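See the structures that follow.
Here come two complexes built around chain A, the first alongside chain B, the second alongside chain C.
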Partner chain A sequence: MTEPLLSIRDLTVRVGKHPEAPSILDRVSLDLMPGETLGLVGESGSGKSTLGMSVLRLNSPRLAAGTTGQILWQGRDVQKMSARQLRRIRGEEISMILQDPMASLNPVQSIGVQLREALRRSGKRNLSAAAEAALAEVNIPSPADRLRAYPHQMSGGMRQRIVSAIGLAQDPNLLICDEPTTALDATIQYQFLELLAALRAAHDMAMLFITHDFGVVARICDRVAVMYAGRIVETGPVAEIFARPAHPYTRALLASVPSTRHAPRRLPVIEGQPPAVGNRPRGCPFHPRCAAATDQCQSVPPRAEIRPGHVLDCWHPQEIAHDPA
Partner chain B sequence: MTPPDRALRVVPERAETPPRPAPSGPPILEARRLGRAFKVRGGLLHALSNVTLSCAPGTSLGIVGESGCGKTTLNRLLLALDRPTSGEVMFRGKPLSDMSRAEMRVYRRAVQPVFQNPYSSLSPRMKVRRIIAEPLSASREMSRAGVRDRVIEVLEQVGLSADVADRLPSEFSGGQRQRIAIARALASRPELLLLDEPVSSQDISIQAQILNILKDLQEDYGLATLFVSHDLATVRFMCDEVVVIYLGRVVERGPAARICTTPDHPYTAALLAAALPADPAAPATDTPPMGELPSPLSPPSGCAYHTRCPFAQEICKQERPVLKETPRGEVACHRVSAEGWS
Partner chain C sequence: MLKHLAGRLAEALVALVLMSLVIFLLSRVIGDPVALLLSDSATEADRQLLIQQLGLDRPMWQQYFTFLGNALQGDFGQSVTAGREDALELVLSRLPASLSLAGVALAFTLVLGILLGVLAAITRGTLADLAVRMLALLGQSAPSFWLGIMLIYVFAVHLGWLPTSGFGGPAYYVLPALTLGLFTLAAITRLVRASMLEALSSEYVKLARIKGLSEWSVVLRHALGNSLIPVVTFMGTFFATMITGAVVVETVFAWPGIGRLAYESIMARDFPVIQTVVLVITAFFILANLIVDLLYLAIDPRMRAAG
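Showing the complex of A and B:
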């Protein structure tokens, strides 16, 4: 069996060193295989972005001090790496695309300067030609002219494609995408996801795709991990999770998304709101909002693999087929 | 149909399609050949051209389009926050431009907005009570006790308890703030709510809560709504009729269910394909969205969509298609006739 590219074991991230400090992530474990795309889906505050940042050790010093557990990148513990080792991994082996491309791009440098900087680190020789090729790969028209342009002269969709070109300059094995399409219009999002799928195939890389949008997960991911209040509550192959969601949270969330295919009289809703960090319930974090909850749910739920690869933490899993229409 | 499910707190299922009161009486608000051009360096920017629509009592109209299509300009014109450069906005059959100050006051009570971002639409220094009471106090028609009762009443309509009234917006989450914004809009007993992307900044579980509240208001109080959104799925849930706008012009109009299943205009089809279903087994689309929005400063000749349209022909580059009526609604496309696709 192949070794996982990324293996996270019992990752807990607290706000500070104190063992009682509120936790953002609570004993999160996951594996990512080479070439695989894993969707991390959850609402705001579920910890999905903190998880993405932890992989590259980009969390604030306060969160870094409160981090326990293991993050193994190709068998090496990211937590124990020296600054020098980290610098090699960032960009070269693991790259990242964030929601707002303007936050990633330098507004006073031309696209060419920024792209060549990334390409230089990869040891490419003919930087100008490589930069042109990199822009062409992300479908930027007339790439030679565009190298002289500045970020503000481009549309949001183009900027996000340029960020991808920079992110892929060193041919990483893993691309972490944190809500890369959330700020884009629907038709532009569609095209960007198509492009990412093509790049993933061309560069033979794995992706960790952070999003709140089940439609995006269905489109681009092989597997999905559903996060709630700092925990992964359910994980499995995309087809399996969408057809047979078993965690009450996943089921309720999927049911509450409006669809263009039918208009129910009412949307089934989850009452209340996700708990704030530092105010999370004991046991199963979802139990105060869960209609299936019993007293048992006040203690930590058991983990069960109900079908191959389909794992969930729940006292009362609901195994009824779900109609995704 | 979703099977019965213990985990979901589902409101008892009634009919799938809500029995909605037929449009009754003259429209509350109408746009007649509405246009708005902005003077910019290098000429005129036509943000909106020739848009006609009407909001009748008890109906729900969806306005769909992407950023830059003119949705927000339309909303501002309908709210009299801006003036059209051509055409008219009519309230109960009378142009806004001809109305007296007293008539404008009636209009402002009857047509109430809810904006996208409840972090910027609620004053951080006012207690919720004052935020909601302000439109009432401004009209000077209600007694103090009447205002106090009304505040509690509208808070309950949006699912908040009375003790919320004495707190500040900063104490609430985004979803609760949006409920407060809706309560403020309801305070003056409006006939029409103008909703500009009211859920797009919310988390999914909160979106469903807000959408249900808005649907209750439509059905239980017969409130008319104009729902501006980029999301066809939300519009399908909320609206009877949909108007699709591209680069400031109406390209298609029709019943929401029809628009979301068998769109006529290629742009509507692209929007529908881009509304990704939460279903990995969904069949691939044969009309994938292509290209980017052209600059509204120099819109393409002929049909503005021809640069992105997989079906464009020579005529599409030369002649702008007019919005024509079909048995299915209205569409502005050279490829579609009353009989269907050609």
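Showing the complex of A and C:
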């Protein structure tokens, strides 16, 4: 068996150093293999972005102070790296695409300056040619002209492609995508996903794909981890999770995805609200909203591998084939 | 972009003409120029003669256009004080002293204010940040007449390091420039600290960190440029603070600039000189705002597209 590229063990992120401080992430563990794309799915506030940021140690100082557990990048603990070692990892080995393309480019610098800054670190010699090639790779028409342009002169879809070009400039082994399609129009979303899939193949890299959209997961991911209230509640290969979701939360999420295979219907909703950070229930975090909950759910649920690679934390897994009706 | 500039220039001219109208009307409302110019022993005949000479018997609008026409030719009348100097020449002769003092004050406040603001932002929450913020609070709350006198007392009278007042070499600039600039220094420091903190928590700074740039590159190349935009916005206001502050500071430090001239001519009810000082200050104010607009175009590419 090959070594995982990224291995997260019992990652807990609290708001501040105090051991009783409210936690955003609660003992999260996951592995990512070379070349693999893992989807991280969850509602807003489930902690998926904080998880992505933790890998590059980009969380605010308060969250950084409250971080425990291990984040092993090719066997080395990111938490223990010096600022210099960390800088060498950032961009070169692990890169990231942020959610809002309107905000993630510097408004007072041209595209060329911002792109060349990343290319320079990879030691490329002819920077102008490399910059043009990088823009051409993400399907930007007339790249030479675009290098002189400023972010405000471009559409959201184009900016997100430029952000990906910057992310890929140093040819990383892992690309973390933090909801990169959320701010885009539906048609542009599709194009952008196609582009990402092509880039992943061309650069032979792994991806950690953070999203709240199961449709995106189905299109681009190999495996999926479902997050709820700071915990990963279910993990498995995408086909397996879609066909046999076992955690009540995953089942409810999948049931609320609209489908074109059936006549329009009223979509089921999950009653209640996800718990706020600092106000999370004991035991299984989902039990106050779960139809199958019993008193047992007040204590931490056991972790079980019900099929190869299909792991979940639940007292009452529902192992019936999922009917996406 | 050229259209934008032409528009700004037109606005500046309109502002200047409007200001001349305000100044003209004020000088006619406050006090009687004839009474000011005549000696106590003058007769009614002298009075009528002077009114005719000055054209004060003509309608107000005609008088305004005469005033405007004269002003355009550089004729702002004569000082009513004993010397009877040409008002414009008098003001212009005092201008270099004021401009050099304001220039020194503005330069040191900009450099120091940006440095302190950046320092406070990157050391947020530490003792250094607290110290800078206290300094900024003090700077904005200390009145300049008090501050000037205290500085003279400590550094000139007590320690004897610097001259008490007057105009001369570099040493003469230190205390008045400090007094004139402290308020602006505090304002710039607070402004830079706030906008720097905003920039540092922005997504583009996050992306710069993701690229693997060093903390220095992140701060200097990405955050600083963006956090200077609000400083440029307030430059016009800062300049105005310097000029209005000059009236007090130049008086306290016996500095031979137009601030002190304004104070002296107000005390002497020297209307032609007051008018000229106000017009010259207005002209500089408008010029400063024009420069700010140009700076904007240089620093923010979004403005270039809008113009």
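The criterion applied here is as follows: the second predicted complex is superposed on the first by the 320 of 325 C-alpha atoms of A that agree within 3 Å, B and C clash if a C-alpha of one lies under 4 Å from a C-alpha of the other, contacts with A are read in each partner's own complex, and residues count from 1 in each chain.
Keep in mind that, in the parts below, a residue touches a chain if its C-beta (ideal position, glycine included) is under 8 Å from a C-beta of that chain, and two chains touch if they have at least 3 such contacts.
Remember, predicted model here, so these are calculated numbers, not experimental data.
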**Message:** Quick one: is A:150 in contact with chain B, with chain C, with both, or with neither? Answer first, second, both or neither.
**Reply:** second
**Prompt:** Looking at the overlay, what does A:185 touch: chain B (first), chain C (second), both, or neither?
**Reply:** first
**Prompt:** A:87 contacts which: chain B (first), chain C (second), both, neither?
**Reply:** second
**Asked** Looking at chain A, does chain C or chain B touch more of its residues?
**Response** B
**Prompt:** If you stack the two complexes on chain A, which partner ends up touching A:58: first (chain B), second (chain C), both, or neither?
**Reply:** second
**Request:** Provide the residue numbers of chain A that touch chain B in the complex, in ascending order.
**Result:** 43-44, 155, 157-158, 185-191, 194, 212-219, 238-239, 242-243, 248, 251-271, 273-274, 290-292, 318, 320-325
**Prompt:** For the complex, which residues does chain A have touching chain C?
**Reply:** 56, 58, 60, 83, 87-92, 95-96, 98, 100, 103-110, 117-118, 121, 150, 152-153, 163, 166-167, 169-170
**Asked** Which residues of chain B touch chain A in their complex?
**Response** 1-3, 5-11, 13-18, 66-67, 173, 175-176, 203-209, 211-212, 215, 230-234, 236-237, 256-257, 260-261, 270-282, 288-290, 292-293
**Contacting residues of chain C [partner chain A, same complex]** = 201-204, 206-215, 217, 221-222, 225-226, 229, 299-302, 305
